[in-house]
Every structure is written in C-alpha cells, then in structure tokens.
Amino acid sequence: MENAVFLAFILMLSIFLGFELINKVPATLHTPLMSGSNAISGITLVGALTSAGAEHSTLATILGTVAVAMATINVIGGYMVTDRMLAMFKKKGGAK
Amino acid sequence: MLIGIPKELASGENRVAIIPTDAKKLIRAGATIQIEAGLGLGSGFSDAEYTDAGATVIADRNAVLANADIILRISKPTLDEIGQMKSGCIHISYLDPFNEHSLIKAFRDRGVSAISMEMIPRSTRSQKMDALSSQASLAGYVMVLLATTRLPRILPMMMTPAGTLKPSTAFIIGAGVAGLQAIATAKRLGAKVVAFDTRSVVAEQVRSLGGKFLDIDLGETGQTKDGYALALTEEQMKLQLEGQKKQIAESDIVITTAQLFGRKPPVLVTSDMIKGMKPGSVIVDMAAESGGNVEGSVAGKTVVVDGVTIIGDGNWSNFVSRDASQMYSSNLFNLVDEGWNGDDKKMVIDMENDILQGCVITHGGEIVNETIKNLIN
Amino acid sequence: MGIELLVNMAYVVAAVLFIFGLKMLGSPATARKGNLVSALGMFIAVIVTLLDQSIIDFKWILAGVVVGGAIGALVARRVEMTGMPEMVALFNGFGGVASLFVGWAALYDMHDAHTFVLITIVLSILIGGVTFSGSMVAWGKLSERISGKAIVFGGQRVFNILLIIAIIVSAVMFTLSTGPATSIYLYLVIGLSLLLGIMLVIPIGGADMPVVISLLNSYSGLAACAAGIAINNIILIVAGALVGASGIILTQIMCKAMNRSLSNVLFSGFSAVSASGTAAKIEGEAKAMTAEDAYYVLEAAASVVIVPGYGMAVAQAQHVVKELQELLEKNGAEVVYAIHPVAGRMPGHMNVLLAEADVSYDLLLEMDAVNPRMETFDVAIVIGANDVVNPAAREMEGSPIYGMPVINVDMARNVFVMKRSMASGFAGIDNPLFFKENTRMLFGDAKEMLGNIIKAFS
Amino acid sequence: MLIGIPKELASGENRVAIIPTDAKKLIRAGATIQIEAGLGLGSGFSDAEYTDAGATVIADRNAVLANADIILRISKPTLDEIGQMKSGCIHISYLDPFNEHSLIKAFRDRGVSAISMEMIPRSTRSQKMDALSSQASLAGYVMVLLATTRLPRILPMMMTPAGTLKPSTAFIIGAGVAGLQAIATAKRLGAKVVAFDTRSVVAEQVRSLGGKFLDIDLGETGQTKDGYALALTEEQMKLQLEGQKKQIAESDIVITTAQLFGRKPPVLVTSDMIKGMKPGSVIVDMAAESGGNVEGSVAGKTVVVDGVTIIGDGNWSNFVSRDASQMYSSNLFNLVDEGWNGDDKKMVIDMENDILQGCVITHGGEIVNETIKNLIN
Amino acid sequence: MGIELLVNMAYVVAAVLFIFGLKMLGSPATARKGNLVSALGMFIAVIVTLLDQSIIDFKWILAGVVVGGAIGALVARRVEMTGMPEMVALFNGFGGVASLFVGWAALYDMHDAHTFVLITIVLSILIGGVTFSGSMVAWGKLSERISGKAIVFGGQRVFNILLIIAIIVSAVMFTLSTGPATSIYLYLVIGLSLLLGIMLVIPIGGADMPVVISLLNSYSGLAACAAGIAINNIILIVAGALVGASGIILTQIMCKAMNRSLSNVLFSGFSAVSASGTAAKIEGEAKAMTAEDAYYVLEAAASVVIVPGYGMAVAQAQHVVKELQELLEKNGAEVVYAIHPVAGRMPGHMNVLLAEADVSYDLLLEMDAVNPRMETFDVAIVIGANDVVNPAAREMEGSPIYGMPVINVDMARNVFVMKRSMASGFAGIDNPLFFKENTRMLFGDAKEMLGNIIKAFS
Amino acid sequence: MENAVFLAFILMLSIFLGFELINKVPATLHTPLMSGSNAISGITLVGALTSAGAEHSTLATILGTVAVAMATINVIGGYMVTDRMLAMFKKKGGAK
C-alpha cells in the first residue's frame, strides 16, 4: 500500500488521540501541561540530528547543527522547567 | 353502642377526650354519642360543632354517665361516678392503676370494663393509641417554651452591633419521648443542647436531633422490652449525679423528664446543684406532680429557689390543649376502633388481642391484668 | 534494514511514552511522573536516532547538543518561579526555529523534488517561523521587554491580510520553481513568516499571553509534524500531531477558564482601537473566576474564612455553605466563619440562618477575633456580603461608612467574592475590594455558585 | 470624669443601664464610676461584680445623681432628679423628646447636656449605639415566645401516630427590626410565617428569613432616609386593612410591630377582624403602650376579647432582661466612647460629629436639636 | 493505483466517522446520531470496497448481502425490546464467524506463505471462533435456551488449561506446516477455538451475560483487526482495533457499575463449585446500585416520592435531601415526601428535621394520601427508613408489625433504598422490600450517598 | 519505510484512541453502546466482500459468501437494533 495512505491514517489517528487525551485539566496544571507538551514538540530534535549528522551539504549541516542546539534547549529546558513547576506543586499539595 | 363523654372535672383542665372530628368518625362507624354540654369549650370546640358532627348534647352529667355503653374521658372517675355507670359498660381513661387500688376494685365490683390509657403496650403497632407518648411529646415542647419565657436571656446566639449574645445551654435529663421533643424544640430555638439518659441506645437519637449526649459511664444499664429504663443501682445513681453536676452548673435551662411510669421518679437535681447554677437559670421538673426529679420543686407551681426558677406546673400538654385534645382524641378513637366490630356496630373486648390484653384492667367482674391483680391481692 | 526496523519500533515505544506522558500530565496526582515518562520517550527517540545509518558525523551533533543542553539546563535552573510562562515561550520559540531549520535542511537532502515533499517543507518553515517570532514577542511581553499592552495601529487588519496573501504566493511560487529562484522564494517565505508571527502576537495584551503561548505551542507541534513528513520520520509526525492537537484543546480549555473565546483573545486587540476604552478601565481590574478554578484554590487551602452577608440570606444559601464547610474540613482545611455585627438586615440575621443549617456555634467568630489573624487565611470567601467587607471604611475618608470597623478580608491571601453583579450593597457605595490584586469575583447567585464549587469536589 | 448610674425606678424594670463588663471598660478608659446599691439585681448582677470591675457602690441615690459628670440610665428622669444634677453634666437615657417637652426645658434650664437614645441616627456606623434597634430585636423574639405560650396549639407541623398537627400560622405586621426577628423566631419554631410591611423593600428581607410576604398593592409608599416608613394616606390605609383581613382570619398568631417612632401608631387590627379569628388565637400588640396597633389592646396587660388573647404587655425586652441589659449597656458604652477624649479622659460633646448632632437634645443651656427646638417653640 | 488511493482515502473518512460515532454513542444526547454517523462510515467503506479492482464477480456478493441483509433487518425489526441483549450476542457471533471465514479464505489468496500473514490468519480464525461459539452460548443463556445458571463441573479448570495448550500447539504447527497438514491443523484450530468459546462462557451466570457479551464484542473487533492484517486491509485494522479497545473499556465500565471486577465476573463460576453457596443465596437477590446509575433513573423520572426514616436523622441528611428535591424539581419532576407517623424515634421527628432544612410543609404528605397513588410514582427514594416501608406488615402474618399500615413504596415503579447495610431497623425484623424485583439498594451513609447523586446532576 | 512500522503505529494509535474514546458512559447507554460498537465490528464485511468477489478458489468464494451473509446480518441487524434502542431512549427522555 502507499505511504500516503498510511500517513493519512497515522496523522488522523494521532490528531484524534491528541484531542482525546486532554480532557479536564485543572487550572493549576495549565502552565505545566503547556510546558510539558512544549518539551515534546522538541521532538524536532530527532529531525535535526539527522540533518546535522548526514553531511549532505555545508549549509544543511550548519542548519542542522543550529537546529540541534535550538531543539536541545527546547527539550532539556522544557523538561527541566516542567519538572520544577510540578515539584513545587507537589510540595504545596503535600503540605496540607 | 352509646358513647358518653362527660366534662373533665380537674380544675384548669382544658383538654377534651373526643373532638368533633373524631366524634363524627365514631358516629359514621355506627356509634351514638352523648356529650355533656360545654364539653369542648376549654379547647375552643363549641357544642354546636359536636351537634354538627351528629352527637347529642345533654346538660345532665349524670345522665351521660348512666346511659353510656362506653365512657371516654381523660382523668380517672371518682368512686361516686363509677357507681352511676351501667354494668358491662366500658370506661376508658387514665387510671393510674398502680396506685388507685380502690378505684380498680370499684370498677371490678361494678362490672365495668376499665381500660387504662397508661397501660397501652409500647409496640410499634399500638403507637397510634399511645396517649402517654402523644401527650409526652407535646409536654416536651411546652416545657421548653415555659422555660424560655422565664429565662432572662434568649436561647440563640446573636452577633449584633451591640455585642455578641452567647447561646444559652439547655440540658435535658432523660431523652424519652418528652425529652427528645424538648431537645428538638430547644435546638430549633438555637440553644446549645446537651442531653443525658441512662439508656445508652438513645445517644444516637439525641445526636440525630442535633443535640450533644453527655457521656457518663454508669456501667451496665438496660431497658425493658417496652423501652422503659430499668432502675439504677445506688452506685450508678451516685455516678450519674456526679457526672451531671458540671453540666448543670453551666446550663441556663435544665429539664428533667425521668418520670418512670409506675415507679417513684429519682432525684436528679439536688439543692446543692441548684446553688451552683447561674442566677436567673430555669429548671423544669416534668415529674413534679408525681414526686419530682428536682429537689425543691413544687407540684403545680413555679417557685424561685436561690435565684433559680423551678417550674413544676405539670399537666404540660394542657398548655396546648387544642392540639393535645386532638391527639388524645385520636388515640381514643384508634383504641375504640381496634375493638370495634363493624357488623354489630359495637366494641368488643377480645382478650386475645395483644393490645387490649395489656390495657384492660377489669373485665367481666374480674381484674384481668396480671400485674395489677398481683399488686392488689 | 534490521536497524531501521529497530529504530522505528523504538519510535513506537517513544510514541507510547509520549501518549502516556501527556495523559498523566493532565491530572495533578500523576503530572510529575507524566513529565518523566514523556522525557524517557524523548530520550529513547534521540538515542535510537543516533543509531540511524544515515548519520555519519557526530561532531556537529555533539557540538549542538552540548551547547543547547548547557543553555537549556542553565536557564531552566536559574529562572524564577514567576518567570516560568515567559521561559516556556522562549523554549517554544527555539523549538519552532529548529523545525524551520530542519525543514530548510531537508531541501538539501531531497532525492527528487517531489511536490508533496516541497509542500511539507514549506509548511514546516512557515509554521516554524511563525512559532519562533510569535513566541519571541510573547516572551518579550511577559518579561516586560516589550510593552505588555496590546499594540495596535490603523490599517493593521489590511496589512495582515496582505501579508498572508504574500506568504501564500511566495509559498506557491517556491514549490513550483526550481533553480536559484527557489532560494529567493525560500527567503521570502522565511522572512514573511517571521513577520506574520510578530503581527499576530503584538495586538494581544500581556494578560492573554499564556493562551497565546499555548496556541504557539500547538503550532510548534504542527511544525515538527510537517518537518517529519518532509524528512520522512514517523516519530516526528506522530509526536508533532499529538502536541498539535492536544495544544489546541489545552488552548481552548484555558480560554474557557478565562471565560473568553479563542477568537476573542486573538482579535480583541483590534477592536480596542475603535472603542475608546476609558469607561471600561475602572471596572477592568475586577477579575472574574469560574467555580472550577475556585475549587482548585480551595482544594489546596489549609485555612479558610467564610464571611456571609445579606446575599447569603437572599439566596438562602446557608445549607450549601455548610456543605462546603464540611467538604473543606474533610479535605483537611480549617474553616471558620467571620460574622460582622451588621451583616444582613437585622441583628443576628446570619446567626439565624447558620443555626438553621446547623453550623456549630464554635465556628462563628466575631470580627475582632478574626481581623488580627486575617493574614493567616489562605482564602476568604465572601458570600453575598458587601458593606461589611468594604475596605473603603478604613481607607476612604468621607465615605458614608468611614470609621465603621469591617472584616478585613483583603488581608487574606486570596479573596473570593460571590455576588451576582458589581452592584453596591445597602449603603449604596462602591467597594474597592472587588478591584484588589488578590480578589476574584464569582458572579452568580450565591447558592448556585456554591453548588458549582461543591460539585467540583468530586 | 465621674459616671453615675442610678437604679431604674419604673416598676417591673429589671434591665440595667451598664453591666459590670462595660463598667470595667469605662474605668479602663479613665472614668470613675459610682453606682447605686442593688443596681443590677434585677438582671442578676450583684454589687460585688461592680466592685470587682472597679466601680464604687453608694447607697444614696441622690449622691449618685449629684456627683456625676455623666449619668447613664434607661428611663427618662423625673423633673425632680434633673434639679439635683450638676450643671454641665451629661445625661443619657431614653427621653421621648417628641412628647416630654417640660423635661427638655428642665434640662435646658439646668444646663444639662441631655442625650436621647431614641434620636441616635440610623446610619450604618451608628448601629452599635442604636438602642431602639437592639431592644426591638429582642422584643421580636420575646413577642413570639409570649404568643406561643398563650396559644393552645403548637407552632410546628407534626405527623404522628396520633394524627397530623397542622402548622400554626403567624402573621407579622411590620417587618422592621422587631418584625424581622419575630419572623425569624416564629420560623425557627416551625410556624408558617407571613409578613406585611408598607415599605416594599423589605419583601426581600422577609423572604431571606424564610417568610412569605403578603402582597397588598398600596400604590406609592416610601421611607425616610433613616429607613422609617412614611405615613400612609387614608386611601392606602383602607386598602391595607382590606388586604390583611383574610390573612388575619387564617392566622393563629398576629404580631403588630408598627410602632412608628415619633407618631401615633396606626390601627392595623380592628375589633371586626378579631371577631373573625379562630378561638384561642393570640395577638401581640407591640405598640400597645404608645397607643396600640390593635383595637382593644390594653397597655401593660394581656386581655381576652372574643376568645382571642391580646397581649399588650410592652417593655418587651425586659422579659429577657439580662441580654437586654448587655445590649443596652453596650450601646451606652459605644456612645460614651464615641465622644470620649482619651487624653483628657473625658467625654466631649462635639456638635460636628454627625451621630451626636442627631441625638444631643440640649447642650450649653440651649435646645440644640432642630426638630425638637421647632416642636417646643 | 488511482482507485486504490481513492478507496483508501475513503477508508480514512470511514475511520473518522467510526471514531465520531463511537464518541457520540457515549453520551445520551448524541447517541442516536452517533449510531447513524457510524453507519454512514460503514456504508462508505462497503461501497468503495466494491470499487476495488480485485473484485471480479458480484453475484456471490449480491447473494450474501441480500440474504444477510434480509435476515438482519427482519430479526432487528421483530425482536422484543426485552430481547435486545441476546440479539446483540447473536449478531456478535455472526460477526465473529465472518472474521473466521475471512481469515480462512485469505489462506487461498496468499501469494507467498509469509509467516507473519499466517500468524494473523490463525489469530483471526482463533478469535473469530471463540467469539462465535461464546456468543452463541451467551445468546442461549439469555434467551433461556440454555440454563442461565453457571454450569460447572469438576476438573473444568484443568480441562481449560489443556484446551488452551492444545490450541497453541495446533496454531504453531499450522503456521509452520505446509501442504495437506495445513488443513488438518486448520480444522483443529477451528474446532478447538469453538470449544474454547463454549468453555469460557458456560461457567458464567446469566446475570453476568451483558458483561460477557461486551467482552466478546471486543474480541470480534480484534478478530476483524487480525483479519485485516491478514488480507492487508487497513480499515479492518483500524476499525477492529478501535472496537477491540473501546470494548475492553466498556466491559470494565460495566463491571464497575455492578461493583465487580472483570476477573470476578469471568471466573467466579469456578469458585462456586467449592463454596456451597446456599447462605449467599438468600441475600443474593438484593440488587445494589451506584449513585451514578441512580442518577440516570432519577434524571428521567417525572414523579418522585421521598420516604425519610430514622437513618436520615442519624446521617443528618435533611439538608442534602432538600437539595436533591430542588434539583429534581428543576429537572421538571414532581417531588413529594411521604411521612410515616412513626418514622424516626419521636413523634414528628421527620418534621423537625425537614423544617430545619426548610422543606415546604405543602410537600409533606401523610401516608394515607400517598399510598393510593403510589403506582404513579416513577421512583420512591427510601432514605434510612426500614420498618415504615416494610411490606411484611401487609404480607407476613405473625410479623411483629403485621397490621401496621406502612408506606407501600414497593408499588412504585422503582424503589431506591439508602442505608448502610442489610441490617434491620427498630423492630428488628427482616425487610422483604430489599429483595423485590424493582428495588435497588444504595449502600452507604445516607448523606454521602445523596451527595454523590447530587454530584451526578452536573 | 516498511509496512510493519506503519502497521505498528496504526495499531498502537487505534488502540489508544479506542481506550480514550469511551470515558464515562451512563448505565442506560451500556447496551446501546455495546450494540453500536458491535455493528462497527461488522467491518469484517469489507474483508468478506473481497474474499467473495475475488474468485480465488471455490472454497474461498464459498467461505467469502457465507462470511458476507454473516457479516451483513451483523452490520444491518446491529445498526438497526441499536437505532431502535436509542429511539426508545430518546422518547423516554423527551417525555418528561
């Protein structure tokens, strides 16, 4: 079967799943959730890795390297910041 | 059958044994009714209302007593009156059978079937005839209101621009029928309510009305199958008095309801405790007329002792005579109805019936109630 | 082929972890663990990608990762708690630009200039660019490097329409063209998309930035997804689509929590030009809140003071108040009532009602007992009271109630005021309490509003 | 400053102007207090408690009056007593200034600063000194309880084995301070409560206490800026009486609270209406002492007319004298405190102060209150 | 290729419609529309499949469709409302057998005997077979063609284990073998899977059949999914997997509604052999219910009678009762209270409490006023009452309360009884009401239970 | 990319989506929902159609034809029964 068909199914299913996953989120979690899903969107790092490492052309490599740096900031920073937020939240919850 | 209803003789008694509505029901069931003129005036029922219900109004009290096949009333008769009754007639009223031996004997000798309202068994099924309960319930309400009008304070808490008035505390001793209603009424008015009873099963009932149960550990106590409390040992009595002392001193209103039907009521509030109370506090002694739970209470009177008002008026439900009459009348109607034979249109005393078994004292020239028979012989 | 299969199956695992992570992030009990789960997914995805045989040279990768990782870790550790939202904006921007670059780099990795692939490339560049510049503006607004006010100018709408047309034209030209023209159109697309990002965000006020960031976050997911299609990488597609879709839902939830619609958030700035907006200013500061949000605060509160007033009586809300009290207590909080001597319309009005609801007398405190410790309360819930909590009595000489002692709820950490409107109370004077920083208005009938909060305690 | 508190003279008056707690507060603020011996006995406060608070107990009433810089009391003084006071002294009590012209003139001539508790303005800020309100609130409670003990029925509904007792209906005319508290109290006891007032704004307040507001369309009515009702036109009065008739006939308890400070109270319940009521019903006429809202009510007495009990006792808050004293005392304290100068430790009458402006009648040998001045001259 | 792409894109649309359909089926407001949406998806999927060029001959298809369609439509139209669940079981069985046949037929369509494909074929046959025979047993039990009781025999457990081993062995042999041996193992797999389906369902009691059907429904989805992989058809895979997963969740929800665990449902029959199970029998008929399910009934009720008793007083539930009353009234229902003269522990006990909660006197009816119209009430809610609603007073001569008039709640259409346990009341006698057909027990503290129902009114 | 990868993703996503779709279902809808999703599982009809129509072998055709008939019963019957159930439900809801 053609890739496009699979792609269409996968896109469709992913999008529906994305919609369904987030249901009723308490207001206190809005920012952490945003931050956490932002970290996931740093998945573009995976793409950047291939670009940077494949040595197609100098420009591609430069672009890729910058992309790797940027995406890494997004991933590392994103996960860490989210964790800090949630740690604070937990502590507050635990105190009462 | 002819039902006769004479006026009550006790002074101040405003209640009436049968109200027009129930008279009508009896007549519809096939009875004939004769009432003494002016019967219901004390509770606001005119003779006309009885006539409308189908009853005959007769001025001659003696005729009412002499004609009747069934006599319905509240208080016990005089010996004299028993002499006027037909033999075989049924007489239903309070009788105080544990003490009124001569009366019982007179009934027996006259061949009158005497039914004592105090002796209605306390089963679920007989509750509708249970005048002790119906009148005690009203008594609980009345006692709180009488206390309230005597108290120089208000019951509820009020936080006002002129300062905060603290809620008054009411302490109810004995959480039977009257006690529970007293708890409910005091609670309604916003008092802090604390209650005590020797039967520990009622703790839950007190709480179910929003009251606090005072915990005093008396050890083993109990109740009869009719739900009456067993008498305490001397040891237990002491424990109770000790345990109540502090609560009484802190209370603005104390209401004692431990009447203990058939026994002399225990002294639950001593002069000593009264001295410990705040000036202006009020005590209501429900049992004042039969001996009293409170030292210094006077039957039928309100007195002030050491700055504390002690209300011992008694006949509590008479204060709300109209409602009390309605309930008593309904109890009587249900009792007559229990023995009513619709075909013959007459009341039959069936000694197999467990309710009648309990409350019929004399029948067919005999004392048929075992307890009373043993007591008298 | 063996390795490729392995990599892809690892991607499946990573996707599963992302899904679980997202799901868990949505509930307070599991959120932190969810973040770790999703991080684990990312870790697996990154590691197996390095196994890919098309990667020949690791030095650039290493350079990028080290630099990016160091910066990310440093910034994440340093940032103040209050600076979190702007930090998310910044990170999101970086993610966007990374997608832009990945898409761009893919141009040089194409074996045949398939139109489909070109479309996805231009999409990743476009969305990545908008995400980047938009996020940067959002960051600037939040960190107050740019004015937090909605920046608007005449003709903005026309300008934006022209801009979008220009982008579409250049994108189409890009996919159709070959040779050097490609580059020109490419740069055009990049430049214009960056401009578009700026134009979209500047007309939005600083207070609405969290919603904007959430939306841009959703965009960065879509950019990653587009880049994934461009470079034929399935984990990018799936994770990107997941983030894109869940981000939209989160954005909508956030709008709802603010009682706004998304389009209202995005475009209200424009209308501000026409409306002079001065009259609105005075009221503008009173912040409304939903019952559900109130619940989240109450759920975390350790001490609560309830201040009832005449409105509780009108709404006959005493029974519900008692229920809320019990729920809060069950939740471990201390609850007391502060009764002002003139609350209601007769002496003891509140007492009558609270006794009816069987609230214990011990919990009813006089004003003088509560005021000195007002700072210690996490939340003060004002239920249909107005004059008796009016700080004007303290602050505004000349006010008809100046000098009357009031319950100083404004000193509590949070104040929730339940009433139906901004209307004044018996004394007929405005209440500055409603406009305080720590006050939230719960508009509605007190009984219904309390009922809604109670429902949230599931 | 020396504050003197003489005993109240009115017979049956149990309240006291200052209770020990407030005496202590005044002394702490720098005042000296002399009380007449036996001052607080009626409300249960012993002389010892006053001594403990720091006051001096003096047996000689005349000395108390003659020494004082401030005299605090409940009832107005006799003309005689004014003669004993120091010139420049401040006298605070109820004064009935609209009627007691000679009293006011005596104060003026003696150079006494007379403050009338009735004239405290009704602003939010002055509520803590407003004795009319504090006492009226208690009156509302008391009137319901008095009615209840007179009624031959209970207020709440009860569904019991002895039948269902219907709830009683209480109709409260005038939903001011006293009326609202009466509504609350009757409601607490389980009555059906209906209320009426000419000021339509109070309909919501009545409902906020669980009462029903009787809708009678009187057209335009209104209230003064102090919240007092405006007098009705003759036409409106007729409409009101007509509209109330049915409700009164259906009610077991009717309580009228339209005292209308400074005016003669309107007749709201006519003999005709009383005839239409059920036997045993109870009417409480709050205004009986100042003319009465009820035809046939007797000031200071409870009478039975056509089978209906009409309670006109008056001085209602005196029934709960201890709480009433606490509130009145708190009102007085707040008033003195309002004018108190902490540095000089004395009370200063500042005619700029809007509260004092309202309630000071004579000061510095002048009648300073405009309304009263116009009335007297 | 053009057509194939078209077909597949249509499958995407069909899948989207299935997803929406399932989602909409989960909420009362949209359920019927959801079913239509999903039917539309099915229609599209079937139509475009016919366009597929590999289909050469339509006559057999036509025959199958006409016969199947006629039977399906006829049966669906004829069946009694009460027979619905067994009908679903029947249909489900047919779906299972269809998957079995599709898998089987795929054997003859194989271009190369790929092990992977063989595995999926054997899976579709196996799951399809279990679904078919299991569904048939479920249908038999529900329609009382087979005893509804749990059928158990000694050694059943051992037998089942051996059966499963045998199935695994034949399946493995099937995928490994070639030539005529294939057929033998094939028939073995078919036969054994049919047997397994029977063995799995017979030990389960009739009352639990709905849960079993839901589980088998999930299986039939998986069978379709497996068949889809076997014949390389993506819509079968997606739709099958969707049904498989959602079916599992639904099964779990249904178990939860019955306060049971899935394993308890599936395997409790076995333990019944050892436990003699007579003592349990007496209680066995009292049916418990969750607050949420009670809500769904109340939400649809037009008239409700509330019968309070001593338990309401103990739980101090009067305020919550009032709240429920208001919610029901807002929902359009008529609500009255039936007060038995001896309810509680003192005359007027219920009156005191309900007055405290400000329940209007007009709603309090005497027993005699309610009993004659008891049949007209959709629901009678008994709150902590016991003796006063005990039909033994009417029915059981010799009972200590025989002859006392009681409130005949058992004559109402539905009776909900809220109490903490099966314990007796004041009179100390058992209450046959709890075991009536139309009675549901809501076990727990009355206040909490009512609170839960109120919460469900969102 | 290989088909198996796509299949794995599609299966995974479909299953997750299936889990997420069904959240809180009122008890009254349990049976209709079961019936409705049972109708969807009749999708196997699509497979049966190909089997019956492709004329691979007589056995396959026979199996396919029977499968078509069976699956059609499932599909047609399933949707109709579900609709009947839900129609009844609606009516009851509308009556109040």
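By written order: A, B, C, D, E and F. Residues from 1 in each chain.
The rule we apply is simple: a residue touches a chain if its C-beta (ideal position, glycine included) is under 8 Å from a C-beta of that chain, and two chains touch if they have at least 3 such contacts.
In this text, all values refer to a predicted model and were calculated from it rather than measured experimentally.
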item	value
Mutual neighbours - chains that touch chain B and chain F alike	C, E
Both-way neighbours, i.e. chains that touch chain B and touch chain A	C, E
Chain at maximum distance from chain C, centres defined as averaged CA atoms	B
Same or different residue numbers at the chain C/chain E copy interface, by half rule	same
Taking each chain's C-alpha mean as its centre, the one farthest from chain A	B
Centre distance in Å when chain B and chain D are each reduced to the mean of their C-alpha atoms	40
Whole-Å separation of chain centres (CA-atom averages), chain B against chain E	57
Approximate Å spacing (C-alpha centroids) for the pair chain A, chain D	74
Junction residues of chain A - those touching two or more other chains	1, 4, 6, 9-10, 13-14, 16-17, 21, 23
Sites on chain E at which at least two other chains make contact	19, 234, 238, 316, 341-342, 347-348, 352, 355-356, 358
Contacts with two or more other chains, residues of chain B listed in rising order	127-128, 133-134, 137, 156, 158, 160-163, 165, 188, 190, 210
Listing of all chain pairs that touch each other, if any do	A-C, A-E, A-F, B-C, B-D, B-E, C-D, C-E, C-F, D-E, E-F
Chain D to chain B touching residues, read off their complex	14, 43-44, 127-128, 130-131, 133-134, 137-138, 141, 145-146, 148-149, 151-154, 156, 158, 160-163, 165, 185, 188-190, 278-280, 307, 319-323, 326-328, 330-331, 334
Interfacial residue positions of chain E with respect to chain B in the complex	310, 313-314, 316, 341-342, 344-349, 352-353, 355-356, 387, 400-404, 426-427
Residue ranges of chain C in contact with chain B within the complex	339-342, 347-348, 350-352, 355, 358, 361, 364, 366
Contacting residues of chain B [partner chain E, same complex]	123-125, 127-128, 133-134, 137, 177, 180-181, 184, 188, 202, 204-205, 207-210
Chain E to chain A touching residues, read off their complex	1, 4-5, 8-9, 11-12, 15-16, 19, 232, 234, 238
